[in-house]
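Listed below are the structures to be examined.
Common to both upcoming complexes is chain A, partnered first by chain B, then by chain C.
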Partner chain A sequence: MFFSNDALQEAIKEFRDEGLDLLSGMEEGLLAIQEFGMGGDRINAVFRAAHTIKGSAGMLKLEHLVEFTHIAENLLDEIRNNKLHINEPMIDTFLRCKDHMQNLVLFYADNLGKEPDDEIKATSRSIMSILKSYLDHTVVANDGEATLVKDKKGWKIHIVFNNDVYLLGMDPANFLRYLMNLGEITHSECDTNRIGDLSNLNAVDCFITCSITLLTEKTEAEILEVFEFVRDDIEITFTSLSTEIQNPHEESSSAVLDTFVEVDNTKELGSAAASNNSRIVGSSSLRVDSDKIDTLINLIGEMVIANANVVQRASIIQDGGLNESVSAVSRMLEEIRESAMKIRMVQIGETFSKFKRIVHDVSKKLNKDVELIINGGETEMDKTIVEKISDPLVHIVRNAMDHGIESIEERAANGKNPKGTLILNAYHDAGTIAIEIIDDGKGLDEERIFKKAVERGIIDENSKLTQKEIFNLIFEAGFSTVETITDLSGRGVGMDVVRRNIESLRGNIDIKSTKGKGSTFTMRLPLTLAIIDGFLVKVGVTHFVIPLDMVVECIELSTRYRNEMHGNNYINLRNSILPLLKVRNHFEEAGEPKNLRENIIVVRYAGMRFGLIVEELHGEFQTVIKPLGKIFREIRGISGSTILGSGEVALILDIPVLMNHVLALQAHNEKGGADDVRDD
Partner chain B sequence: MITIDTESSIIISPPEELVIRTVEGFVKEVQAALSDAKSIFLNLIGVIEIDSAGFQVLIAIKNEATKRGIPLKIIGMSSEADEIIALYGAQSFFEN
Partner chain C sequence: MSDKVMNASNQQTDEYQYLTFYVQDEQFGVGILVIKEIIEFAIITKVPQMNRYMLGITNVRGSIIPVIDLSDRLGLGQSDVIRRTCVVIVEIVEEGEIFEIGLLIDGVNQVYDIYPSDTEDAPNFGSRIRKDFIKFMGKVENRFVAILSLDRLLSIQELSRSTNNTNEYRGR
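Moving on to the complex of A and B:
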């Protein structure tokens, strides 16, 4: 198949997306085989992933990927046909294989028309030689240990029979049949071009040329003896297959591998076609470039802004019919917006499932026994956010396994279940998504963290910190409490980056930990980054938007409340204390309020409530989030901006940051109060 | 034996022994029948002996059909014919 440059680029992009999906499925399948055994369709699913990738790579002429995947696919075929028993080391090799295939897919996607460099090829060769050793049946399972049982070698034998072979009374087929006594013919191929077509055929002349792959313990000389009687009437060449794998640059190698591909096509055509069909029939999803969705959402965002302008002008004209039409358009626009936003929503389970592999690898490396439990995998969030939290999540999970969960011996000695537990939990909460990483390890050691922070000069040794503040020290740049740096975590360059990444998504992270019992890291992130339902308020001349999901209620700051406050920043709201933040004072709004009537917007975040004192309430507002310029990056409490129908700018309040500010103020006041008592 | 199925398609049934001794006659018969064929069915069910010379005739028929743009389909297969086609790894060649 030939592609134009543009078509090739498009095809490679599609190949990349499909390939990564398939590889992720392959990994899941392998881990499931490891956990639950070969049952069901698991091995077939793994095989199909490799098979489809090889097929697509073949069409795109990604030769090295075809070459590499082919060997893995052959081995998987042997396993699914019960010729080989899959064991732990094999699964590990396949997992390595999957990682390498992923690297190759990404390489081809990023380097159009180029072949991988020597370093990548060296990795390929090393993995291929392991796969090949299994494939040659030289290594068999023995209680999970690989044992060498035979020393078979692979030969590719190319034989050209001269025209007069039949006249000598010889049949080339008999030589091939005899070769079967020396070993196993795993592949054969005939040169059909040499035979030609019927109109030019001299049927009594021999036009047989064939290539066979023979797995045998015999040497080249021993194989040659088979052809003793036709030595003068054939041309025969031998290539050692193990040499071929080590030297993929050799011309003969690619020929052999092309052959492999062809044979494979015949063998697998039926099942692969069937699996492809079922995939098409079974799935009603459509793969769309995310840029296209982004463009759509941006356009809808602009439409929402333009519509706000129309709404405002219509309200000035005060024409009943016009108002009705405008409100119908607005309603529909809202539905379109919601539907478009849903396209971007993906289940977090996909991201979570890759942790099975991480937990598998890290457990092995650290010699720990850890069970991973995933809850709430169906929770949906914006794809952009999912992608961006992946790295921070990996870091926290690795940290939990490296520093949190103890070794098997240590857990047993402390009367704990030797098998540690790591839980990934996701759920929606007040317009945010909360992701918890819970471990039942040794928990954070407050004293040790404090001591280290003093040593590193992060805090003063006389500092008085709450438990939460001490835990938060681990997010400071350069902080690391491990005595030995491992290659998994403990370089002290991670957790500060983790917090920064989460905060850059308008999210935050919180730690709860009990010594000896375990820790819980909770990330809270917005559901989306593009358009939200907001609640529009005004303070002085400035409009502010509060994410509607976080708004609990609006109450008037009546004279009764005002009198009860006695100058404090809280009120008694139905017998519970509600801390307050006066937006005018916090953002140093200039001028005086036009009227004395003020309102309290009660907001809820992370299970806590506080009130924002504002002046005018304007109600619900579809908010297209526009980032603030770099110049405003340092302003705390504002997460973005939006454009109103009038063209004015409204600022979106960053409720998590404001809540932390309110809590800090409260803590400060309580502390101040205590100091006052002492002063007395 | 070659039978004309309809005006446009022919069924080729090689002799029981498709070997070096019989291939020349068989080739001549097929060459004569192919001229007007629009499609070819190859019935190998009756082939009880076949050698490499017979095998290469089958390949040549397929090549000829491809050259003429005529579809060729195998409609019957004996174990002997199947064995030699597999021995030379030519199954896919007949499926294309």
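Moving on to the complex of A and C:
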């Protein structure tokens, strides 16, 4: 057997992760070629991706994947060597190719030791036949297949397998056998000097040392890839025969690699070297199981709580030295917390670039011309959040292209640029991440949405709704304005799921739209799910935490303000109206406040402000969010809890929900209390 | 006797052991297998919009645990905190998830072995508490103690029902 079962499983897993990375790089490269042309290193990147996958697949004996990728690789090679000009249909074929390779990679990863069924093979064959038809073209264009032989070179390869190769579950014979696939082995010999005295021989050790002469068109680096899995356990030396340059590097394989990065400048080797170079860069990042990071972050969270306790006790003792040490520890803990959180932070750009493909495919399908502009791809956010918003984003983008952006003809007729624009925008805003999806399509049609909502029985036809409320109707379950259901969007299951997904992440979504000009969907999401900076206040006997990023200022509810209120729920703050919510009343806190001094915390969210009336202010507090659990799932206005230094539990206020409540109250007052106010 | 058999027999006796405790001078019991620990009365943070018997949440070594007033939940009126008041933390599985919940009681009594032969069905009438809250009546020292059915008593469906309804979001 080639690998032990565990090793194989491990290798396949690695292959899968690496493969998916390479494939997404391949896709990116193809789309870049389509957009900007062949320049730069783009085609090489695509070729290398295919090549590396083939190499790894070969190692793992994934025959069908090798066979399939081989054809694609050949064609890419022709393009790379300027023997064939890449065109639009070819890029489409390559994209299909990439998708299929991805399916194959996933298939092998999920079905250990099996080969794909006939159905998958049929797909392979149909794509392969297209690829072959392109390849046939080249041959004609280049007067025969002479090109293939031309590059063959002789290599003398000296390989020493270390003693523990067998113990690692590797079989040298397989590697050597695989060499035959690369070219023609003209000579081989074995060096038996290492074996020594038979009576003292350790039977499980490996003593293989051999020299092989190989005639191949592959480069040294490519040959080296055969030994990828045992690279650390072999010593390998290459001597080029055809060029007569003796290169007796008596160095380990990786040193040989490094030399090649510097030395060679022929086109072939140059690209191979670049490929290795990129792998070296890649190895500086580490794949870690996200569970491990979660455990770390949980532990740090516990530590932050424990530390808050220490800080509190130290402040009672009032010992200068102790206070100093405590604050030093606190400061470092804060740094540790930040760097731990950063491990989870990823740039949103990766998710965004996925949309290049989606926009490409969807615009083909709908026969629309859409340009995608991405801004703020470097904005970082928590990986969990990125993963969870991916689907909602896809849905909104598809909707925007399907329902928002008009057809080329329609746009031309309305005097618009026939090419539609779709903008993905990400930026930090007041401790949240805002993601905007902007299209310059026809915008939302208020009347149609209203009519539809009445038809669907979502609202009453006599309802008086603001424009915003009408737009929000599209998030209701069972709402769809398009009569003909396309396979892209418009199944009426979607926007409600989109909103639910976003709300489950403590985020929200907002729509702005002008008829004829386009729509903007804005998602607001928290930076992270685990720890926030909070502002601690007290109402009655209960502590509440307000996310600090949303706090604008604190003001005393002075007698002057109180008199101005006249029983209304707002004050005039520097000439603008500030609606107020009295936390004590809202949460029905028992008892009367013992001191009548109350404070207003001005909070801001999604561009609006309101004030919370609280009693005591306790200042900033690092808050480790503890979910309240299922029992409290029906509570509105509280998003979680946290443990204070004293061991008491504080409740975290859900500002977005409270804000909706305040707005609803306000709207209710403006309408003279005639209509019912919707829940949110 | 091999270890395996020993363990099995221990398991069996555990199964028939019940912790008894006082609620408003009356004794009740729950199976010890679901009990995680018993803690002193700690500060409980009230959570708004919940039923009165849901006292709120407390911190047990870094975990947030909801606590209910068992007396109030059983319909015997609100408890006063007395010297022997404590919280029994039980672990139950509901809706496919394990969760912990604290029961505020007026002091623990002791653990009894109650075998099926010493049990009777809950009486159809005459009990001060809801019949479905009682799993069965167990006989200890010639008295009958109601062994509580936590499935019903602590059903998330019922506990999570908040007093918050749409009225909450209409003008006050």
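Rule of thumb we're sticking to: the second predicted complex is superposed on the first by the 487 of 680 C-alpha atoms of A that agree within 3 Å, B and C clash if a C-alpha of one lies under 4 Å from a C-alpha of the other, contacts with A are read in each partner's own complex, and residues count from 1 in each chain.
Note that a residue touches a chain if its C-beta (ideal position, glycine included) is under 8 Å from a C-beta of that chain, and two chains touch if they have at least 3 such contacts.
All values derive from a computational prediction rather than experimental measurement.
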Of the two partner chains, chain B (first) and chain C (second), which one does A:Glu335 touch, if any: first, second, both, or neither? neither
On the A-aligned overlay, A:Glu455 touches which partner chain: chain B = first, chain C = second, or both, or neither? neither
A:Lys626 contacts which: chain B (first), chain C (second), both, neither? second
Is chain A touched at more residues by chain B or by chain C? C
Partner chain(s) touched by A:Ile195 [first = chain B, second = chain C, both, neither]: first
Return first, second, both or neither, reflecting whether A:His661 touches chain B, chain C, both chains, or no partner chain. second
Interface residues of chain A shared by chain B and chain C, listed none
Which bits of chain B are touching chain A when the two form their complex? 20, 23-24, 26-27, 30-31, 34, 51-53, 55-57, 59-64, 66-67, 84, 87-93, 95
Would you pull the chain A residues touching chain C in the complex into a rising list? 302, 305, 541-543, 585-590, 626-638, 641, 643, 647-651, 661, 664-665, 668-669, 673, 676-680
Within the complex, chain B is touched by chain A residues 166, 171-173, 176-177, 187-190, 192, 195-199, 201, 203-204, 206-208, 210, 212, 262-263, 265-266, 269
Would you tell me which residues of chain C are touching chain A in their complex? 42-43, 45-50, 54, 56-59, 62-64, 66, 95, 97, 99, 101, 156, 159-162, 164, 166, 168-172
